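Dropping the structures in below, format is structure tokens.
In the two complexes below, subunit A is the common chain; its partner is subunit B in one and subunit C in the other.
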Partner chain A sequence: MKFIITLFTSLLLFAGLAFAETPEEKGLAIAKEDDKRDNGFEDFTANLVMLLKNRQGEESARNIRNKTLEVEGDGDKSISIFDRPRDVKGTALLNFTHKVGTDDQWLFLPALKRVKRISSANKSGSFMGSEFAYEDVTSQEVEKYSYKWIRDEDYEGQKCFVFERYPVYKNSGYTRQVVWLDQKDYKILKIEFYDRKNAQLKTLKQSKFKQYLDKYWFPEEMHMKNHQTGKSTLLTWTNYKFKNGLKDKDFNKNSLKRAR
Partner chain B sequence: MPSTKLHRIRWILLFVLTIIVLFRPPVKVFAHEISGFAAGEARLFPNEALFSGQNEQSASFALQPEYYHEFESGSSFTFVPFLRVDSGDQERTHFDIRELTYLWLQEDYELRVGVRKVFWGTTEILHLVDIINQNDQVENIDTEDKLGQPMINVSFFRDWGTLDIFMMPFFRERTFQGVGGRLRGATPIDDDRVQYESSAEEWHNDWAMRYSHTFGDLDIGLSQFIGTNREPTLLDGTDSNGNAIKIPRYEQIKQTSVDASYVVGEWLWKLESLYRTGQGNDDYFAWTGGFEYTFTGIFDSSMDFGVVGEWMYDTREERATNAFENDIATGLRLAVNDAASTEALFGWVQDLDTSARFLFLEASRRFGDNWLLTAELRAFIHQPMEDLFFDLRDDEIMQIELAYYF
Partner chain C sequence: MKNNSINDFGVIRFRWWIILSTLVLVLSAASGARFLGFSTDYRVFFSEDNPQLVAFETLQNTYTKNDNVMFAVEPKDGKVFTPQTLAIVEELTQASWKIPYSLRVDSITNFQYTWSEGDDLVVQDLIENAESFTQEQLKKVQAVALAEPLLRNRLITQKSDITGINVTINLPHKSISETPEVVAFVRDMQEKFEKKYPSIKIYLTGVVFMDNAFNEAGEGDMKSLVPVMYSIVLIIMALTLRTFWGTFVTVLIMAFSILTGMGLAGWSGILLTPISANAPTIILTLAVADSIHILVTFFYEMRHGKSKYEAIQETLRVNHQPVFITSVTTAIGFLSLNFSDSPPFRDLGNIVAMGVMAAYVYSVLFLPAMLSILPVRVKAGSTSQNGFIDALGDWVIHNRKSLFWGMMSLIIILASQIPRIEIDEKFNEYFDTRYQFRVDNDYVEKHLTGFESIEYSLKAGESGGISNPEYLKKVDAFAEWYRQQPGVMYVSTLTDTMKRLNKNMHGDDESYYRLPDERDLSAQYLLLYELSLPFGLDLNNQINIDKSSTRFTAILESVSTQSALDLEDSAQEWLRNNAPPGMASHGASPLIMFSHIAMRNIDSMMTGTLLALLLISAILAGVLKSFKLGLISTIPNLVPVFMTFGIWAVFVGHIGLAVSVVAPVALGIIVDDTVHFLSKYRRARQELGKTPEEAVRYSFHTVGTALFLTSVILVCGFFVLTFSGFQMNVHLGLMTTIAILCALVADFLFLPTLLMRSSNPVPLREAELKI
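Up next, the complex of A and B:
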């Protein structure tokens, strides 16, 4: 009898695990696993080139250097320093991402030597004239969205989870994002962005993934296409360096002033 | 004296070249980095000049290279000379060292020795509490161009905030428009006869201390300045030919100030306030504050539209030595967010006691990777006789600058 009860309970439990997981729970579980796999990098520095392309195919480049610090229990801290175009050289952006609530942002204007606090509430604003919005380039935290798993499918030969995520922060430019995440390494291969009217606005494709520290998969290319304007932006990341020993004090208003 | 100026420039260029040659070729990213800009500028004054000798237009050229070297330790050396040659105003033809600094980077403090520019403040229209550097007034009357200030500055970083101590061993006199220049008062200023309250004159040791910190959405700075006033009192005098002139006199002042900004959602609230003693007979309070709000993606485009509203007040009221003694300012900023970073800023400063108003429009656009075209319009409207801008009443200015950044 005891054996039967145990078997029965186990079966029930198993059934519960297998069937009671709603698409929302599954979506969240995937996002959490993805986040877990990205944890522990401590800090990195990298160079990036933003190539802006308009409908006529005219190109314009922005060169940025990025430093990012992982913060235990909260979102990342980062400094982005602009090198090109030359008239904005030395302009730098300090960003404290928060899991909940708005981020903290300061901008350094080198001609005036001025550090200016800016409101980060307008997350849908264009980042440096590119097709990336501020909300696309700041650190992605699990808590920033709610989730729903849609289906599993093959994308470019890789088995993927396809799930939707819905921004829970205010002033997002999106109603939803559809994410293609590969099941083996949890690399985000593609995101479709839907605007406030739920019309498809942009598609992000990430490629040329490289593994760092035998663990972290980072894309070298991020291509954002705006379907409504015909404009696109290609972000190319190079020269990733991890565990540089960066500290909290490298990410404050003072270090922003002397960021080069 | 242009010849000594040129001599000084030659000497400094030689000095910099020697440094560049002596050091080894670049070993890391920021070794011997050279950047900067060269700019051509045209100014047009549509109204006839009020005072004899003034020009209706002028052309000028400016050069500001920047040399930067970072050592393995993170310590660095920066040198930024500046030169302008102007056709309309010989006083505007000038040379300055904007920066010549060595920064020692330590674990929990930083020491900077040399010539620097330091900005304090939060508001957009009037930079009230900003006092470390002298205005380079011949450059532009917006007080955003500054002369390099020699100093020793040590910054301490603690959990409770940042503490900055500044010792400034040498004072820089304000630059003034010459007889040929527009945007000046009726009586020319003779800065060869400058007077100081302190017997140490420009060698008086000025001190400043500043505490700044961020408390969540609040950024705050508390500052104390003790030393030579950056703003001269203009005394009446006569030159050797008996013509009326103004003589700048620099007094010893104490200034206590606070500046803060506070983020509330899409709103940014700002305040600057100061209490100053030692300037003339008036001990006074002054403050300015307001808000900034940005509309993102207007008209379903990627354009941003920002609105700025600020109030400026000085308890000396009509005796104030600043033109914005009780004024309201509105600023509208359009950022197109295109590849050329096209931007426009319109401002309207309205005196609340008179009909005087000051309007400006600034627009800029990039061409290619390195060229930046900037246009500026400034207008002084309905200036009553008692207003500090009265002498500028016919100095509406149209200015175009084309700069090459390298």
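Up next, the complex of A and C:
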């Protein structure tokens, strides 16, 4: 009898452990769900303006056109064509993101009429002098982080999951990011970035979300504020177009040269 | 009874009330001391609208801040390029990202080495996993590091015997604990690394450590010098006044005055600096002078048979006015520091002025009130100590002619030396070698790289203009010119990066190590390079967001402020002659700021001194009820200032920020001697109807001892400052000491001869009636 009780208790305990979700599991589940909801758009094009501001109040703008192709089983492929500043007009960046390992990047320099591969394992620096790091703008694959759910809370009137994610990438500039994701549409409303000494470095706020293809929510404005340097960058996305029939062959070194 | 209350201001009748309310006043003022803190930022030396500070802040807001911590790692075998040492540098570089408020870490290991491989631009840390490096690899990275203008003489020496890790620190300046926090963290790192790796020694320098030294200097001085000063005053009082209770009350008054001054400073939100931290020592010194004057008279009267109450009444009658006047004039002298361009000096002036006025109130109310309740006694028949002073007075009267001309020539000779003074000082020598910062910084400067810098924001005049070949060529030529100037150790400019990229883009062909010829090419190289850089090592610290200007930094060995200004002047001339008008910008850096402030301060302090002199002379004329005496008073007031600067010109030769404020401070203090002497002289002439000679003798007799005694105490007080480890305080103390001694000489040897020459030989009352 005693044996049976012990067995029964252990079984109950085991079951409890198996069914109760740890914060890590819950965080991962949220990220997976988010990723799933973003899948299937096939491709999109959009225009992008980056407005940089420094502490002195100076401003500077960069204009970029973007094409993105969804890749089954790996990270997205994209081409960014720089229109402004004038000196880099026609420069185009081809980008293959990968779920694991370093992304591949090529840059076409019209002044040199050549494509150069960017061979750097350590691409966490500023993107075009802005407050966005390359790792902030590249496609966010589930595998790039580990996760931990923290709490649920209301943020600007929307019920949110608040979870932390920790970069797997060893050269990342961050120890962790705290993400506010709304529970209804899985829109990322806010991310706080913590640097290597775990001090808050930046805050990203995304706003003016629009729904495309009755499914995908994309923000029109992404505002990144650097708390340490006082600089900030506003990204404004316009002219989103989906399912343009882009193919893999539109995203290689040769197509990069032709991208105008 | 009515007569009593007029004479002693009711001090005796209300003594208990006075004592009680004094205590309440002191306690409530002193409770403000809890708000006092030490500033940990060298910028406090500059007012918010100081043009050099504004220029520097603009530069930092345009790019990034450049406060820093610098580790200098010295392997004991003298070889940086060994697997062991490089691995340590790698580890220290990694660890430095964890330093609070760090923004960027630069070292030879994380230097972004670029090279080409076919159509790849490879950007990577110069040194990674050094532990497994072969001899060949070591040789290769050494060659790269030594050839790199961005590393050589900054992070690596030509001999490769010492290497630096530079950490850019971005203090939010929200709390005064930020600097000590960084310093404690970094010192802990140093200790741990030296313990873990006995093969290396680490030296620490950088702006953050300098900031911290300011903080340590202020706190250190306050803790070490004030007790010394207290003891000296106690010894002198015990030796001369020979009274326990008198000394006891004086000590209370000194303490009360300091507490009041510092407490009020706390209430008014003043942050302490090594300069304003002198306030307690100075208040103490000045407060004791008031008490001495009162006690000397009090004991004199008691010795001459007066009762205690009578003695108190007489003391107050005789001393109240001179003590008031001297306090006001001293306060005016210190308040004129408000003309200074440097806030710490204004704070010092205001704190001391509050302390001095408090000392006055306590000396004329609390001191007599205490005397009236304490069992003060004098030994019957104790003799007065005026023998020496009286003899001096007689000697002066007899030799007045030769003394007058002798003093005149001395004063003229000394004053003629003043133009030899140069406004010059070495920023590096602010702290003496008792501060670790100075020791380490001297070592790093001698063996690795300089601490001083001058920075420029060179404008291209249009958005994206920094890629313009014309602009790049000018910047490059400016760098070439700068590198040839004496004292310049290192120049950092974007053009070196551009040249390197151009070479990389042409298959690492050395002949392409030059600036690109086309504007769009440069811009696209930069874009490519920027896309390859890691976290924290981007170009935002040297290119503005609009790509219309770049930061240009020259690192100098320890130079004097004058040579820094000369260098900046020649740089401006070069820019005027060679660069387009829009490109020229003024150099900005702490060095430039400190170099300018001495000059600015001297100008503003001249105005301050002049105004203080006018005000003081007017007060004296009013008090002495004689325009002529007021006018005459300016001579003994000014003469010591001239003599002091003359002596300084001969023996030291250069003045800096601290010395520029001595004139008004000294004026406010030395004027006290004149007030006491002249008020006694006037009394003798007008009330007692004496001739000038007799009046001089009377002045010597009545006030000579007190003047001598207070001067000795003042000299001790300011001389104690010379034991400070902070050079500004040493100079401030030394120069004021000289000024006080000169004032004593002038008041004893020159003023009397002047009075006797300029006065009618008949008693003054009759002389004035004749006019």
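Side notes on the structure shown:
Assume the second predicted complex is superposed on the first by the 240 of 260 C-alpha atoms of A that agree within 3 Å, B and C clash if a C-alpha of one lies under 4 Å from a C-alpha of the other, contacts with A are read in each partner's own complex, and residues count from 1 in each chain.
To be clear about the criterion, a contact is a pair of C-beta atoms (placed from the backbone, for glycine too) under 8 Å apart; a residue touches a chain by one contact, two chains touch by 3 or more.
Quick caveat, the model's predicted, so the values are computed rather than measured.
In the three-chain model built by superposing on subunit A, subunit B clashes with subunit C. Once the two complexes are laid over each other on the shared chain, residue contacts for A:173 go to subunit B and to subunit C alike. Greater residue coverage of subunit A by touch, when subunit B is weighed against subunit C, goes to C. Of the two partner chains placed around the shared chain by superposition, subunit C is the only one that A:199 touches, whereas subunit B remains out of contact. Of the two partner chains, neither subunit B nor subunit C is touched by A:98. Shared-chain residue A:117: touches subunit B and subunit C both. After overlaying the two complexes on the shared chain, residue contacts for A:129 are found with subunit B and with subunit C alike. By the touch criterion defined above, A:258 lies against subunit B but remains apart from subunit C after alignment on the C-alpha atoms of chain A.
When the shared chain is aligned, subunit B comes close enough to touch A:249, but subunit C does not. Touch criterion met: A:230 reaches subunit C, while subunit B stays clear of it.
By the document's definition of touching, both partners, subunit B and subunit C, reach A:86. Two complexes overlaid on chain A leave one subunit C stretch from 111-119, 561-569 or 579-587 clashing with subunit B, and it is 111-119. Shared interface residues of subunit A, touching subunit B in one complex and subunit C in the other, are 52, 54, 58, 60, 85-89, 111-112, 114-122, 124-126, 129, 171, 173, 229.
Against subunit B, the residues of subunit A that register as touching in their complex are 52, 54, 58, 60-61, 84-89, 102, 104, 106, 111-122, 124-126, 129, 170-171, 173, 229, 249, 252-254, 258, 260.
Interface residues of subunit B, counted against subunit A in their complex, comprise 30, 33, 35, 37, 68, 70, 76, 103, 108, 110, 117-119, 121-122, 144, 155, 157, 162, 212, 214, 217, 219, 261, 263, 265-268, 292, 294, 296-297, 302, 304, 337-341, 366, 369-370, 372, 403, 405-406.
Considering their complex, residues 52-56, 58-60, 82, 85-89, 91, 93, 105, 107, 109-112, 114-129, 133-134, 171-173, 195-197, 199, 228-231 of subunit A touch subunit C.
Touching subunit A in their complex are the following residues of subunit C: 58, 61-62, 64-65, 97-103, 117, 119-125, 170, 172, 463-464, 467, 505, 518-525, 527-528, 530-540, 543-547.
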